[in-house]
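Heads up, the next two complexes both have subunit A, just with different partners, subunit B and then subunit C.
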Partner chain A sequence: MPSQPPLPPLLTPYLSSQPESSLTLVSSILGATSNWLVLRFLHASLSASSNSNASFGLEESHNGSKKKVVLVSFLRSWEFWRAEAKRLGLDLARLAGQKQFAFVDGLSELFCAPQAETAATIAPPNAGSPARTTLPLRPQPGAVPGRGPSSVAPVPNNSYAARSQSELGIAKKLHFSGRGIGALDALERDIALVIQQQRSTMDDSDELLLIIDQPDFLLAATGPVMGIGATEMAEWLSALQQNVHATIVTLAADSPLIHNASTSGNQMAAPVESEHAAFAISLAHRARSVMQLRTLETGAARDVSGVLRISRGGGADDSLDERELLYYIQRDGGVTVFGRGES
Partner chain B sequence: MAPVNLSHRRTHNLLLISKLLSLRDTASPLTLLQDSLEQPATPLIREYIRRAKASSCNSVDQLLSKVHVTLIGLETLKQPDGVDAFVSACRKSPTDIVKEVAAVYPSSASAGPSKRRLIIIDAINPLISSKRVDAGFHLPSFLGSLIAPTSPTAKADSSLVVNYHQDVPGLPQQNPYSPSPLSMLTYLATSVITLHSFSHILARKAARDRSLVAPVFGLEEEQEGVLLGRLDKLRGTNAAEGIVLELEHRRKSGRGVLEWYILPPASRFSPQQVKEVVTLLDDNVLYNPPMEPDTNADDEEPKSTFELGLTERQRREREGGRPALL
Partner chain C sequence: MSFRKRNIGLSVGVDRAAVPNAPAQPAPESNPGIRPSPDDGRPTTSTGTPSLDNLLAGHAGLPMGKTLLIEENGTTDFAGALLRYYAAEGVVQEQKVHVVGVPEQWGRSLPGLIGTAESLNDKRSDKRKDEKMKIAWRYERLGEFGAGIAGSRDAPAAASPGEQDGKQQVAFCHAFDLTKRLAHPSITNMTFTPLMPSRGSPFTAVLNRLQTAIESDSPSVVHRIVIPSLLNPTMYPPDACQPEYVLQFLHGLKAVMSAYTSRVTAMITLPLSLFPRSSGLVRWMELLSDGVIELCPFPHSSDNLATSGAATSSEEPPQGMLKTHRLPVLHERGGGSDRNVGLDWAFILSRRRFEIKPFSLPPDEGDKEAQEASAPGGMPKKSDLEF
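== the complex of A and B ==
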């Protein structure tokens, strides 16, 4: 356990409550990544009802509604998120078993042919031997108490048996096939399916938070050649937004990706630059709050990792206070957040 | 600027902006708003909606002046308060949008004499740069079909307010000989309102007054990792809140009117207020601080920086006293 509270007190109001159908944009650059902030969002939503020992950073007043989280990650694997969350005292695999959390893997097999899935769907008809059909049935009763295999419900049992223990928390692996809007729609259906599964065990007062980690990777990997541009990505996102209570999106905002395509700059922007800039800026126009991470302008410092600026986006109301804070990530993963001039 | 000229401008241009925002006399069928991340257009759109509602509540002849507000949401997901009809245009083709917008308007037979209608598009950018829209998409005819529906029975005079995000980079032109969508829009619009943040305007003016380079904010800073620069440092002091509207209005005669206004934040006035809240930027005390009044005009002689500040009597005493001491 880190010595700091898992949720920095200064950030708690920004992390713990998201108004309905709001979009929060987290922008990061290479030197100041957004993982720690996403983990804090996860912690703020998930810890209150499950890990009572780790919830001292959060007020317990509005505990009537539970929060659920669906995390879609395009740039980091399940293993990464699980290990990092563990350092915060958050057991994602157990939460996935309790149907409080679902992980959608957009990284490992995004552009692979869906082998496990096709094998699973094709296997029962052609492999009609009784050995194949009885084998997968066996682990199911044995695994119930610890891990909760119900989180992998959509996946047929064959592939379940083939999976390693570490992949148990993954609700869905995304596959990109085809091109253009149709391919995006297929991804949207897959994610919406996971969201619906989470919803099925929800009360009315529960809130479902959708975190999409770096969908800009999808845009960069496909791009206008595949018939996908910034507008299509933004529409894809707002279609997903309609399924959930609130959405958090992380994006890269490195200088070449944002400024090369600006209207004042040169006209020689590459397609990926102009599409990325259009995507990021149009999301900032929609967002309620934009949390921008960057490094210190004055260079590296021993006790400051970067700057977090929280601004109102285009869809903001007056309830959001704008701030600029410094943060420091310690070696053990603990984060301190403080104002300029404080320590 | 001469004071006579300013008062003339004040009368005429305040009347003009009041007319435009309240949609009187359909002064502007197509208004283009140009916003940016530094100053989004949401407060101004809310002001349009507020006025449309306020006029329908307060006026005596309700039937005549009721304004029907339609919001075409390309970015908005939820129906905002005060909007009569909300058309979510996400993932829809332009022809479908036009059809739906025509459908949500109550048929004119039931609504009595000509009602006014306000159609707001929250952001036109997705429509312009969408790959879903085929090459045959013609922006002027799309906008035209929204304002003037083809069916002759609908005799509403509609005004269209279109918002354009200036900072979202557009796609490279398909046809190098056709004008860019933005120049098309500015050409078509009868009034163009560019939005600025008041605190930025003040900072630029302060720099200009000292002959310094004007500061830039947000994306224009070109600083790595910065999308938005708008940190309201003056927040809480209540001083520099508000939006600056740079209006370019084209009269029917062809004469253009250029004026800068300031719209105070919505918390400063009640939603039902009928009195005009917009003022000229030049009338603002923060932008144009009142000159220190000329204290005494007869004080013509140049003053030295070294001023003893003796009164006449003290000086006489001094001058008279010195020989006595010696």
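== the complex of A and C ==
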């Protein structure tokens, strides 16, 4: 199968431009994850802007405007995103140093903050420089100037120092504490802070893209017992949306999570199912476009990884073409996207 | 000779793809229990079951920093056997094994070591040689999975069994006997983390203990986390299966995995009869795992079908079907392109091995009878072939 450029041509119109205040929903299932598509969104936004000064490429319409991205990931580590982006030719650590990209880590300390670090994360980070809880062993180029006064971190013990190199580029680690709306508000403040840091170095024409990777996990792992339901999550998300130009959200859309809530069988849907379904459906109604990833219904195939269906969400305009495409992910992470019947 | 050549190729692979694990690589590399994946060079460790290693998306082992969830239908304990192999392999490789939720008796029931996986393979193929017609002799070396990369690197062809017993220490994967008990000096290295009754999440204490144990250890020590029968009500308190407890625990486990990428692996088993896959909770548990494998043992009533499920009567009948729902690394990247994807797998648990192989429908019943009738000496009895 011929390899395609990092941005598959068929997908380029969907990836490269998001209208003002739009929401794009990417849904995935167990056997068809959305990470590759998120990486393509990153590539579309970040690599174009890094070239736009020098070349007159695809991005001529946005003359001189830059794109910035804030990625909030609840299920995947910084290591993963950095390594996979590198395969596409994106150096996320460098981009983070240049303030084009910020990573908010919702994985490593979301529910269990190590005691040694709580002090550091409470301290407000200086504007314009990411709060780093550890001292980097080897400063990345570009990351040094803003770093001076913000090192309010406690003396890092050895294990943290050893890990700090890989953590360079994490703008913020999220912590969930307490319950209910208060806990969500704290998370929102943390993310908004990172967004403000990015905004502080932006021109008016610049666009800031917010990608939230699986916020539905937050809902599943807390739930109504802890005072968080689909409504609260949807409000949380729309509050974040107000800070940015466009938002991309990935969700799990496996059938137990979506359909159990609506089947009128004799058994009641568990709260984790009904809340997830309500959250996913409310987002789909608000979204401009919904990109569904799923596996082939006819079973696994050797040259097809899955199906990508792009459809209009509830908030769509007529400019969006609905399509159904097949995609294939090679061993090296390269992606081929093609229509049914093409190769 | 050929072994050396392969080695060179692999280390080149490490350099090219050394992005994520580069800083941590030197320490575990000297460790025989860890070898680079033939696919992209990331460090992998053995699950203790060679055919499971081969199933894992071309990495020929479980990649470090990944969790494997093994689900089982019914009341059998095939998943428990896989888990014991995994724990025993960790003990033999002198990795630190952390067992969650079960008393120490569990550790005493680990299967006994009987050599390396290769030596068992050799013996087995010797035994087979006498029986088999030599139609496809040139494919014999290719291992169970035909053209699989993993299969072909299982046995360095030249080594004799005796030699291999001598270098037992450097083997990647070992063979175990379920009827024997493991006696190994480092078996005392296993730690058992009981579930403490507590008011909040029963998992918080477990996770903290795991985290401190891994963090306080030197970076060269490799850890394995073994969680038998997660949420089983005989071991776990009733509120453990509330999503906010168990999902937060699995998320925390994932965080540990990502913090110590090159030093930890984990294997979890889950009884599906109590927690069906059609429930949202189980789906979230699957989504939080890097690999998801489902075992569907054949019910006893279908013993007849199972016997005829073997392609030839000299093969053992499969005991159940195995489904791969998600494979580590492959699906994180988007999934799909593995050569093993889309095949039906069957598993056979015998005393000495847990074997996973492609499931094939039996030849037509009538046809088989005709064959048996025409065979002059009759086929050897099943008992002759068992070891």
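Keep in mind that, in the parts below, the second predicted complex is superposed on the first by the 275 of 343 C-alpha atoms of A that agree within 3 Å, B and C clash if a C-alpha of one lies under 4 Å from a C-alpha of the other, contacts with A are read in each partner's own complex, and residues count from 1 in each chain.
Note that contacts are C-beta pairs under 8 Å (C-beta built on N, C-alpha and C of every residue); 3 or more make two chains touch, one makes a residue touch a chain.
Fair warning: this is a prediction, and the values are worked out from it, not measured in the lab.
Enquirer: Per the contact definition in the header, classify A:V225: touching subunit B only (first), subunit C only (second), both, or neither.
Expert: second
Enquirer: Is A:E324 contacted by the first partner subunit B, the second partner subunit C, both or neither?
Expert: The answer is first: A:E324 touches subunit B but not subunit C.
Enquirer: Return first, second, both or neither, reflecting whether A:A32 touches subunit B, subunit C, both chains, or no partner chain.
Expert: Once the two structures are laid over each other on A, A:A32 reaches both partners.
Enquirer: After lining up the shared chain so the two structures overlap, which partner does A:R199 touch, if you call subunit B first and subunit C second: first, second, both or neither?
Expert: It touches nothing on subunit B or subunit C.
Enquirer: A:R94 in the overlay: touching subunit B, subunit C, both, or neither? Say first, second, both or neither.
Expert: Neither subunit B nor subunit C is touched by A:R94.
Enquirer: Quick check on the superposed pair: does A:A270 touch subunit B, subunit C, both, or neither? Answer first, second, both or neither.
Expert: second
Enquirer: Identify the overlap between the subunit B-contacting and the subunit C-contacting residues of subunit A.
Expert: In subunit A, residues 32, 254, 269, 295 are touched by subunit B and also by subunit C.
Enquirer: Please give the residue numbers of subunit C that touch subunit A in the complex, ascending.
Expert: Touch residues, subunit C against subunit A: 19-20, 23, 39-40, 58, 204, 207-208, 211, 215, 219, 242-244, 247-248, 251-252, 254-255, 258-259, 261, 277-284, 286-288, 292, 325-326, 331-337, 339, 341-342.
Enquirer: Subunit C touches which residues of subunit A in the complex?
Expert: 30-33, 35-36, 75-77, 79-80, 82-84, 86, 107-112, 114, 159, 162-163, 165-166, 217, 220-223, 225-226, 252, 254, 256-257, 260, 269-273, 276, 295, 299-306, 327-331, 333, 335
Enquirer: Write out the stretch or stretches of subunit A touching subunit B in their complex.
Expert: 20-21, 27-29, 32, 180-181, 224, 227-232, 234-235, 238-239, 241-242, 253-255, 258-259, 261-264, 269, 274, 277-278, 280-282, 284-286, 290, 292-295, 297, 307, 309, 311-316, 318, 321-324
Enquirer: Show which residues of subunit B lie in contact with subunit A when the two form their complex.
Expert: My answer: residues 35, 37, 40, 42, 75-78, 90-91, 123, 125-126, 129-132, 165-172, 219-220, 222-232, 235, 265, 267.
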